[in-house]
Each structure stands twice: as structure tokens, then as C-alpha cells.
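In what comes next, chain A is part of two complexes: it sits with chain B in the first one and with chain C in the second one.
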Partner chain A sequence: MDLVAGLLLIALMALAARIVQLHVGPNDSLRRRIDQTRRYEDRLPEPRGRILDRHGNILAIDLAMRNVIADPSEVLASGNPRFIGLQLARVLQLDPAMVMARLNRPNRRFEYIQQRVPDETADLIRRMQLRGVSFDEVSARHYPQGPLACHVIGFANLENVGSAGIEQRFHTYLRGQPGLRVSEKDGRRREIFDRRVLDIPPQRGADIYLTIDQNLQYMVEKALESAIAEHQAKGAWAVVQRVRTGEILAMASLPGFDLNEYRSADDLQKLNRAIGYVYEPGSTFKVATIAAALNEHRVTPDQVFDCENGCWFFKGRPLRDYHPNGLLSVADVLKKSSNIGAAKITLTMEEKTVERYLRAFGYGAPTGVELPGEEGGILADRSQWTSLSLSRIAMGHEVGVTALQMLNMLCAVANDGMRVRPTIIRRLVDAEGHTLMESKPEFVAQPIRSETSALMRKLLARVTEEGGTGTRAAVEGYTVAGKTGTAEKAINGSYSSRANVSSFMGFLPAEDPDRIAIMVVVDEPQGAFRTGGVVAGPVFREIARQAVRYLDIPPDVPVEAGVENKPEPWRSL
Partner chain B sequence: MRRRKRQNRKTIQEGSPFPMSLALILVLVTGLAFGYLWLRDQCDTTGRRLQELESRRGDLQRQILREESKWSNLKSAKNLEQLMAQFHLAMVWPGEQYTKRLSRPELEPEAAAEMQYAQRELATRHD
Partner chain C sequence: MYRTMVILIGIVLILVTVGIVMLASTSSVQGGTQYHDPLFFVKRQAVGLVVGAFIALFAARLDYHYWRPLAIPLALASLVLLVLVLIPGVGQTVKGSSRWLRMGPATFQPSELAKFSSVILISWWMSRFQLHARELRMGLVYPLALLGLFLGLVFIEPDFGTTMLLAMVGMLLLFLGGSRVGYLAVAGVGGATLFSLAILHDPVRLRRITAFLDPEQYARKEAFQLLNAIYAFVVGGGRGVGFGQSLQKHFYLPEAHTDFIFAIIGEELGMKGSLGVLALFLGLFLCGLYISYRAPDRFGQLLGCGCTLMLSLQALINMGVVTGSLPTKGLPLPFISFGGSSLVASMALVGVLLNLARQAISEEDERDARCIRDAARRI
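And then the complex of A and B:
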């Protein structure tokens, strides 16, 4: 008995000595380990800034969401895994077999059932009190309008890194700064508030206000959808821009995709064709070459050219018109869109002059709009031009353009010759409400004089009049100036007679300084009539008709008078 | 008669056997200890309250964002169109003949400021 007591005493003394050693002795490494165990460090996620339209409607926002997690071993231990699996599958709208397969893993303690579930759904599951089911909170990017303006807004990936559109281009502004909280935690791993030694709150990223108008964007997308359905087209895209300021009010490209489901979209759906698809423009390009010839005083609107009844051999190669024409004035060459007339007009200029004008109009280089993935188009260096090039470039062949480049050129023609950089950003505002950046019209170049611009406005207005190629683009009560374009697509090295790109670009009211310009392109429309005037013209009219009412742009032609204009309006200049 | 035993004056104790100063110190120390514990408890309570409020603020901020998102969705053109279809309503733009455009009236100087504000509102709505 005494022996036991003695041993116990010795053990207690050893224990006491160890306690003294632990508390008093040099145990820095041990203390560090204890401190580390107690240390509570919480990295506070930074909310990403919002993306809004020009009127403050939210297009992209960070929302708190929940991941639904299961502990399969606990679910199986509950004795009712089938019930739990079926309930989860029903509420989350998942395949029950898939949920059961995830739950039926006895050796696992952690399985995601579904990630990024809205709070409402998570609350519904929580109320069911399913054993072994828990949640963790995550911040996820949400796009309330779904597919609306998907190519402009872009998307942020699962790591919250902007990967397309504005999300990508302005990621550094949008992302914000994470916060940090350093403290100690108790036995239940909860933070002990009065041990908090550092608390840096997170900084929300800047909000970006776009020049896009949500409602106008919707109208444009709807008009394009109808056009695709009507003509069984491969795609369609359109841009609406304010001529004077370069602000883009709408930019749509179809087919699009739902931004909340961007992972299921393919690369073609993700392509913003308005800036990323290079095509041969066809007759819309005549606006640039004829404006150059007029600006150079090489031709006058009244000057007559022989359009050879629809077929002209130049350097041994035929050049054809869609409709045969005889003698046409320069004004009528534009109105009736004669390829032969346009070629003859362009041939009055030297190659270097034509190249200088085309580069001044912005061809061969990106416009500089604040979107990633903008193509610069194709305008070969003059040294690579052949003897035929000038006659082909005149009608929009041998060049590659984007819709935005074409619209930018048209805006310069409409805007007294001033080319303004197109912009899609209105302003950037930080979390405290300070404006970081405000977009202002940025003058780029003046390819043509103001007088030539005024003349071109008059000539282009005739295109939508009776006898012009763009009558279907006319809008009652407004003078619409524009140009049709139909280009055959080059497939496997030769032009296809079946696949073409139909386009219409125009602005209205032609003489109003607050005019808007619209570009519509329809890719590979089907049917007997696939010209720009037939296919893209009505889409233009539909967009323009609604846009002028929505933007409250007053008409410039009395309704009773219709679209009838006086003949030869350039004579008044 | 027994003689009363006389008490030795040297052994007589005067005052309390527990020194008053010591008692005071003990009371003070006890008071301080209790005060410390009370303050500690108050700190803990306030800390927990602050944490709750922090959490509540976070929840409210998240709720605001959710509501903003919902509101944005509700007032979108697509949603309005769907609702109109649901209730069999149809809307068209009014014809130009039904639209009356008002020209800017001649204003008294006093009324000018108010007009400018109205114009600013108009510009925001339609710009």
C-alpha cells in the first residue's frame, strides 16, 4: 500500500515538475504552436463592383450564395439516405441517381451536392433538417438580365476573375481589395472578439456605368432574334451609336448565351461578332470610297458614269452589278448601289489617296472601344495591292471589316467628317461614390471636310427613298440616310453564291445633330432574296423606329408628307 | 468571598483583532476583482453583441444586393413584356399624330431655375 502511495506521489511530483517546466522553462517553439492553434485569421472576400447600364440598371452584381455540402458517412449513418437524396434532388432539381451516387460513399466526409445555390433554396433545405447536410457561404457573380448584352458585359469565372467583355477589360477596377481579420479563437473555433488585433474591412470594387441602355439593348436583341428566325440566318449583330459622342447605346450579337450559364456556351456563342467578326462589307464600303472621291473633288454628285448595263471588263476581269444600269450620276451610283459606277469613281483617285482615306476612316486598325477581342480588320498595305485592287476595294471587296468599324466610318461621314472613338464606358465610380473616370468624346481624325459630310448626308438619304436599294429601311416621319450591303462569303478560297452577309447601316434623323447611327448585319440569311436591303433593311427600320420613340428624338419630316423628299437635294448646298 | 481576579492591563487588546487597514485592502482587492470580472463580462457581452451586429450588417448588405438584383430583374423590359403577355395586355408606341411636343415656354427669370432642374431630369431620363 505504501509502495503504491509512494509511486503515486512520485508520479504527481513528476507531473508537477513538467507543469513548472512547461510554464517557466524555455518553450518558445511550443508557445508558438499554441499561438498558431489559437490564431484566428479570416480573409474577408472583396465584393466585386457592379456593372450598370447608363440609367443605373444592374447588369452584373455579386450575390451571396451557398454551396450545398453532404457528409456521406453521416447521411448513411442516419439510416435514411434514400429519403435525404430524393429530397435534395427534388429541391435542387438534380438527377436523383447522381445525388444518390454522391451520398453512397461511406468513406467520404465531404461531397458537394450543388454549388452556388440561391439563399432561398438553401433555406428551404435547411428547414428540412436533413442530417449530414450543411452549407458554406460563397460570393458568386450574378447577371440578373441573363443573356442581355452578354458579349458586352462578359463574365467572371469561378475564381471571380473577369474572363470576357467588360468583366475582363476592367477587372482591376471591378475586383476590389480583400479585408483581413486577425484574432484568437475559442475551443469551438469561434473568434474571441476582444482578442482581435487587426481588422481591415474589404474594399468593394468600382461600379462601372456603361453607355448601353438596357431597354434599347433589349429592343435590338429582339429585332435580331426575329430576323434570324425569319431568314433562318446563322447569326445577326447590330450596334446603335450616338453619332456626335461615339457612345454605344446598344451592341448585340446573336446567337448569344446566358451569362449565368456561361460554361455551357461554346466559343461561337461567346464571340462578339460586332467587334470580333471580320467580313467583306460589300456595298456599304462604297460610302467611304465615294466620300473620298467627293472630298478630293475628283467627282461631283451630278457627274455621270456609264455603268455598262451591268457588266464591265476591267483589266480582263468582269465586274457585275446586281441590277443592270446604264448611265448613272454619282448620286445615283450610291442610291442604286452600282458596283461598276463605284469602281469607276474610285479609279479617278490614285491608290495612295484611297489608302490614305481608308486609314483615316479607321480601316485596318481597331476602333479602340473598351472591349477585349476587338479585331482590326484587313486593309492590306498598298504595296500588296494588284492592278485590280482599286476596282474591288471600291465595292467592299479585298478588305475585311468589323461592324463597329463600318459604323464608325458612317458616323464620321455623318458627323461633319469628325471621327470620334466609339465608347462603351460612361463612368467608373468607386465604393465611396467618387467618380474615377468619366468618358468624354475623343476626337480621332477628320477624314473628310464638313461640306463633303453635308453632301454625303443628302446623298445617303436618297438610298432609302423610292428607287433606292434601302427603301425597306425608311422610317415614317424621319429622314433616314444609309447604305445597303450584300457580300458573298469567301468559303474555301472562292466566293459562295449561297452564303452571304447582308447589312444595312444608317443614321437618323439625317440632319439632326443628335442623330443616332445603327449598323445591322445578318449572316447567311436563307431564301430567294438575301440582299442587305431586303434582309437587314427591315431590321434596321424596326430598331430605328423604336429607338427614336424611346430616345424621344422628334421627327424631321411631317408624317403626312411621308418619306418623300425633293429631288436632287444636294443642289441646295 | 472570592477575590476578583484582576486582569493584566498589558494583555488587554484594544480595538478589533483584524487590522482595519488589511480589511480595507481585502475589500478593495475583492471589489477590484469583482469589478474586473464585471468589466470582463461586459466586454465579452459587448464583443458578442458587436459580432452579432457585424453578422447582421453583413446579412443586410447581402439582402440589399439580393433585393437590388431582384428589382433590376423585375423592371427589365423582358419581365414587363412577360407580365403583359400573362395578363393579355398589349402596348404599342403612340402614333406621331397622337404625340404633342411642347416647346420651351418663355420664362420669367424666377422660374428659370426650376425649369433648369426639370430639364436636367428630362436629360437624365432620355439622354
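And then the complex of A and C:
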């Protein structure tokens, strides 16, 4: 008996020693390690700011979503993992075999079943009380308008980092501040609520109001879409801009893509051609060179040039017109878009004068619109010009431009010579409602005097009149001033007569200070007639017709007066 | 003797109080999540406590000699119940072990009854055949065969912890009853071999052993409880994290309210708490030993030793497991762990001890008896 008692006492003493060792032994490093593994730190997702159109319609917004997570070891321990797997597959509409494969990993404790599930679906699963299934809050980007204005808005990737368009350019504003929650976690790796020591709520990013008008944008995209279908074109793009302020009301580029499915879009679809596609403008460029010549008083509108019946040899190289002309006044050179006329007019100036004007009109440098990926176009330094360059530049060859640059030039010509930086941002408002930034018209340069501008408006208005190249761009009731352009694409070093870039740019009403300017480009239209007047003109008219009605711009021409034979308006100057 | 009884009752009352209070703390998380009632386990334990108190009172008032004729019927009843547990549909299987019988709203663990009845059975046998105790058959083979029935049935439930406990207490009782040490050693080695073979054939238990030997390696699953029990003591330190403040009970220790409650005591109350509980069991052991020593007859002495060993060995093994000194076994800590059957059985054992104390030879009697004995020896 004493032996048994003694043995037991010794065992008890050994146990006591063990307990003392565990409690107050040298365990500081282990204690720290334990505390560390028990620490719970949750980064609370921060909603990204919204992107809205000028009237507050939502173009991009963050939705609260949930990730469905399973703890496979827990699910397998529940006794009927099959049931749990099938229920999950049914509600989430997944392949049951795939779900079962994910659950059948006894050594894993964390497995995504599906990411970014709407709240309602998550609640449905939560109500089933499936063991080992939990949820994770995330914030996911959603674009309610799908493909609308896709190139302007851009998209945020899965990590919520803006990767294109406004999303990219204004990422630092849109991005919110993530919240932080520090606490301790239990054996199932969930937070223990009453151990929370820090809880900083997330802060929403700033909202961005664009100058884009959602409805106008829609009209533009529809018009481009039908143009592409009609002409089997490779692409088409257009920009609508308020002339006085430089606000871009619509900017569309087709083909586009659904922003919610941006991952399946290819690089061509993602290209914002309106600012990222550099092409030789062709005749639309004559607006710049003729405006320069008029501003320099080298020519007057009624000065007559010989257009050589369609073919003129300059320095041994031929220059041709699309329609042969004889003698044309400067006004008619513009109206009929004579290459030979334009070349002769431009040749009245020195090279350095022409270059000064072109740079002042903004060629060769990005316009500075708040979008990533804007190209600056090509305008070679004067030292690299050949003796032929001036005659080529006169009609829009040897230069590369973007649609926005062309429109910007046209706006300067229309806007009393004032060039304003185009802008697509209206306002930045933070989560508390404070306005962080408000966009104001930003004067850049004045390439031509206001008298020259007034004269150009009259001359350009004649382009859409009877006998001009842009008759199909005319809008009933409005004076449309504009210019057609048909460029041949340079393919393998020589101009191709098959591949054209047809464009039309114009503004209306010509004399209204609240006028809007529209640029339409159609890339490689097919068919017998591929000129800017035939292909892009009607698109312009379609957009302009709806835009003036939508924007409530009053007509400036009485309808019956439009039929009358008006006197040459520029002669009265 | 009166003082011993008071001390024993005091110890048991403190243990039971600590038990119910700590249960309220540890089981609140599991009760809250599983049954939406943080006091779910406390309420059930309170029922066990009331039943246990009545049984202890009954046992304390019942002359322990009445257990002698009851030894065989009680043993038979336990065996029948142990067989019933194995029948699917009658027995309740939890986590692969069939240990429970459902009786209406209550469940009952026959192995707890087996603890009680095996102590009575062996004590009865070894006092009844006291003169043959040194014989191979009467002193070892027959009582061991009887004990073997219990062990076998408990073993295939399976409940290895209780099997070990029953075997150890049984062997110790045989030793105290006068069996030859040589025989017992052979039987002990044989039994241990059988036991190890059985464990080698059971992957779950084998992994528990390997996990015990190298816990960090198996930290994710097998040794998860073990490591977290040790962490609980380490985190508790000298002063403890404070009552109710345990982190380990938040699903780090799935059995926090049953087998691993001692770890939570160590975490919340610190070294003073865990050493205090250890001291209480030491006191219980010493009281029980003293009472058995003073028992008026052989049967009483063996019975007292059996009861004392049953309680203190169980406590020792449980605390050894929880502190990572022994491989993991499912044994509750007497009086403290959640479990009605265990509580009632422990109370009954204490009741028997109290009755022994009531009938113990007083100091004066002892002195007189010693005079007579010494006189007899001189003659």
C-alpha cells in the first residue's frame, strides 16, 4: 500500500513540476509566436468611387459582393459533404463535379468555391446553414451600361486597380482608403467579436462626374454602329465637343467591348481610336492651312487659283484632284476640296510660318485631355521637311493626327481663334460631398484672329451647301460648317486606293456661341463611294440632328429660307 | 476521522464548484454556437450534480458491507449494459465511439458504472478469497478473467482511456489484495503487449501516439488539441488571463469543456489555479488513503483503496494528457469536466469513501487494538 501511495505521489510531484514548467518556464518566444498566430487582421474592402455622366447617371459603381469560401476539412467532417457540395453547386450554378473536387481536399482549410457572388445568393446559402461554408466581403466593380463609353470609362481589374480610361487616370482619386480591423481569431479562424481592439471603417473613394452625356453617347454609338454595318468598315469613331468650353459630350470608338467582360476583349477592341489612332487626315487638314493663309493675309477668300484641271506637276511630281477643277476662288477650293488649290494657297507661305500655325493648332502634341493613352500625332520638325513637304502638308499628307486633335483645331477655328484644352472631367466629389476639383475651360493658344475665325465659319458653312463636298452632312434648319476628308492609307510605303480613312468634321449652328463640334471618322469603308462626304457625312448628320434636338439648340435657319438662293455670305465682309 | 471527513467533503465541494464555474466559462462558446444557449452545458451538468449528490448521500449512509452481496449482480448489470451499448440503434455513437445509452432526455455512459462495479467486484473477490490470494488461479487468473470481461467490452467501444484506467486500478487492487508480484508482472507485460498490438492496428490511435512524440509535425490535425492545450498553460503564465478571458476555448480546444478543461483552468487562472486543482486532488488522494488505512476489515480497505485510486489515477492521467506528458486519451477530469455519468460515478465513489470513514476504527480503538496485538506478538 505504501509502495502504491509512494509511486502515485512521485507521479503527482512530476506533474506539478511539468505544470510549473509550462506556466512560468522560459517560454517567451513561444508565447509571442502564439499571440502572433492568434492575431486577426482584416483589411476591410474600400468601395471605389463612382463614375457618373454629366447629369449624375451612374456609369461605374462598386457593388458589395461576397466570396463563397469552404473549409474542406470541416465540410468533410460534417458527415454529408455530398449534400453540401450539391447544394452549393445548385445555388451557384456550378458543375457539381468541380465543387466536389474542391471540397475533397481534407488537408486544406481554405478553398474558394466562387468569388464575387451577389449578396442575395450568399444569403440564400447562409440560410441553409451548411457546415464549413463561410463568406468574405468584397467590393466588385460593376458597369451598369455595359459597353457604353467603354473606352472613356475604362475598367478596374480584379485587384480593383484602374487599368484603362478614367479608371486608370483617376485611380488615386477613385481608390478609397481600406479599413482595418484588428482583433483575435478563434480556432476556426474567425474573428472573436469582443476581442476587437481596432476598427477603422473603410473610406469610399471620390466620385467623378464626366462631361460625357450618357444619352448623347448612346446616340453616337448607335450612329457609328449602323455606319459600320452599312459600309462594312473596320471601325468608326466620333467625338462630340462643346466648342466654347472644350467639354467632350461624347467620345465613342467602335468596335468596343462590354466593360463587365473586359477580360475577353482583345487589344483592338480596347483601343480608344479617337485619341489613340494616328492617321493621315487628308482634306480636313486644309482647314488649318487655309485658315493660316487667310490669317497671314497671303490670300483673300475671292482670290482665284488655277486648279489645272485635276493634275498639276509640282517639282516633277504630280498632284491630283478627285474632281478636276479649273479656276477656283479660295472659298471654292475649300468648298470643293481641291488639293491643287490648297497646295498653291499653302505655298504662298514660308515653311516656318506654316509650322508655327500647325503647332499653335496643337498638332504634334497630345491635346491634354484627361485620358491615358493619348497619342500626340506626327508633325515632323521643319528641318526634316523636303521641298515637297509644304504642298503635301497643305492637303493633310505627311502628318499624323488623332480625331481629337482635328476636332480641337476645328474648335479653335470656330471659337474666335481661341484654342481650349479639351476636357472630359466635370467635377470630382469626395465621399463627404466636398468638391475636390471643378473643371474650367482652359485657354491654351490663339492661333488665328477672331476676324479670320469669323471668315472661316462662313467659308466652312459653304461646304455643306449645294455644290460642296459635304452636302450629305447638312442638317435641316441649321447652318452646318464643316469639312470632309478622304485619306488613302499608307500601306507598305505607298498610298492604297482601296483602304481609306473617311472623315467629316463640323460644327453647328455655325454662328451660335453655344455651338457643338462633331468629328466622325470611318476606317476602311467598303463600296463604290468611300469619300468622307459620302461615308462620314451622313453619320455626322445623324449625330448632329439628334444632338441639337436633345441639347435643345434652337435652329438658326428658317426652313423656307434654307431653300432660297442665298447671296454669297462672305462677300458681305 | 471526523476531521478527515470534513476535509474530504470540503475538497469535493470545492472541486465541484470550480468545475461548474469553469464549465460556465469554457462551454459558453460551444453552447452558444451549437445550441444557441451559452448555459446549455451548465444546465445539464447541474442535473448531474443533483443526481450525484443524492447518490453520494445514499452511498454514504449505506453500510458498505451491503456492496459485498451486490458485487456480482452489479457486475452482471454493467456487463449487460456494456453489451447493449455496442448494439447499433441502442447505443449512441459519437465520433466513432459507442459509449452512450440514451434514456429519454438523458444519456448514460455504462463504462462509468463499470468503474464502480469493477472496484467492488475485485475488492470482494480479493477479500473473499484472501487466503488463496497467492495462488495463481484464485489470486490472479480468475479475478483477472472477470476484469478482462470489463476491459474487453470497454476496449471495443472503443474507449482506450477507460480501459487503461480500469486495468491499472484492477492490477493495483490485485497487488494490494496479495497477489504475487511476479504473476502480476507477467500479466501486466502480457496485457501491455496486447494493448500495444491493438493500438498498432488502429491507425487513429497510432497517429495519436506518433503525434504525441512529435507534436509540431502533426500540428494541423492529430496534435492540434495537444499543442493547444500546452499553449493554454503557456499563455496563462503565472497569473492567468483572467476568468472568462480564455482564447483557447474559442474552438482551439474542441474538447475544452470536457477532457481538456484543465487547460482552460491553467489559461484563465494561471499557475495558482492549476496547481490549486492539483493540490485538491492530492488532498483527495491522501484523505482516501487515510480512510482506507483505517477501514475495519479487508474488504473495506480494498474498497477504499479502489475508490481512491480510481479517482486520483483518473485525475492524474487526465492532467498528464492535458499537459502533454502522456499520449492523448479520452478521460474526463473527475468532478470538473462536463459529463453527467462521470460526475455521478465520481460522487458515488466519494460516498463509499465517506461511509468507510464513518465506520473507520477510531484512534482509541486503534490504540487498544495495538496493545492487544503487541501483547499477542510477545506471547
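By our rule, the second predicted complex is superposed on the first by the 448 of 573 C-alpha atoms of A that agree within 3 Å, B and C clash if a C-alpha of one lies under 4 Å from a C-alpha of the other, contacts with A are read in each partner's own complex, and residues count from 1 in each chain.
Here is the rule we go by: a residue touches a chain if its C-beta (ideal position, glycine included) is under 8 Å from a C-beta of that chain, and two chains touch if they have at least 3 such contacts.
As the structure is a computational prediction, the values presented were derived from the model and not from experiment.
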First (chain B), second (chain C), both or neither touched by A:R90: neither
Contacts of A:R18 with chain B and chain C, given as first, second, both or neither: second
First (chain B), second (chain C), both or neither touched by A:R82: neither
Chain B versus chain C as contact partner of A:I58, first or second or both or neither: first
First, second, both or neither for A:E184, with chain B first and chain C second: second
Touched partner set for A:R317, first chain B, second chain C, both or neither: neither
Touching partner for A:R43 - first (chain B), second (chain C), both, neither: neither
A:D552 touches, of chain B and chain C: first, second, both or neither? first
Chain B and chain C footprints on chain A, overlapping residues: 192
Residues of chain A defined as touching chain C within the complex: 1, 4-5, 8-9, 11-12, 14-16, 18-20, 22-24, 27, 30-31, 34-35, 38, 73, 107, 184, 186-188, 192, 195
Contact set on chain A toward chain B in their complex: 47, 54-55, 57-59, 61-64, 119, 142, 144-145, 148, 191-194, 214-215, 218-219, 476-477, 545-546, 549, 551-552, 554-555, 559
Complex contact set, residues of chain C against chain A: 29, 172, 175-176, 220-221, 228, 230-231, 233-238, 247, 250-254, 266, 270-271, 274-275, 278, 281-282, 285, 289, 292-293, 305, 309, 312-313, 316, 319-320, 323-325
Touching residues on chain B, where the partner in the complex is chain A: 43-44, 46-48, 50-51, 62, 65-66, 68-70, 72-73, 75-78, 93, 96-97, 101, 124-127
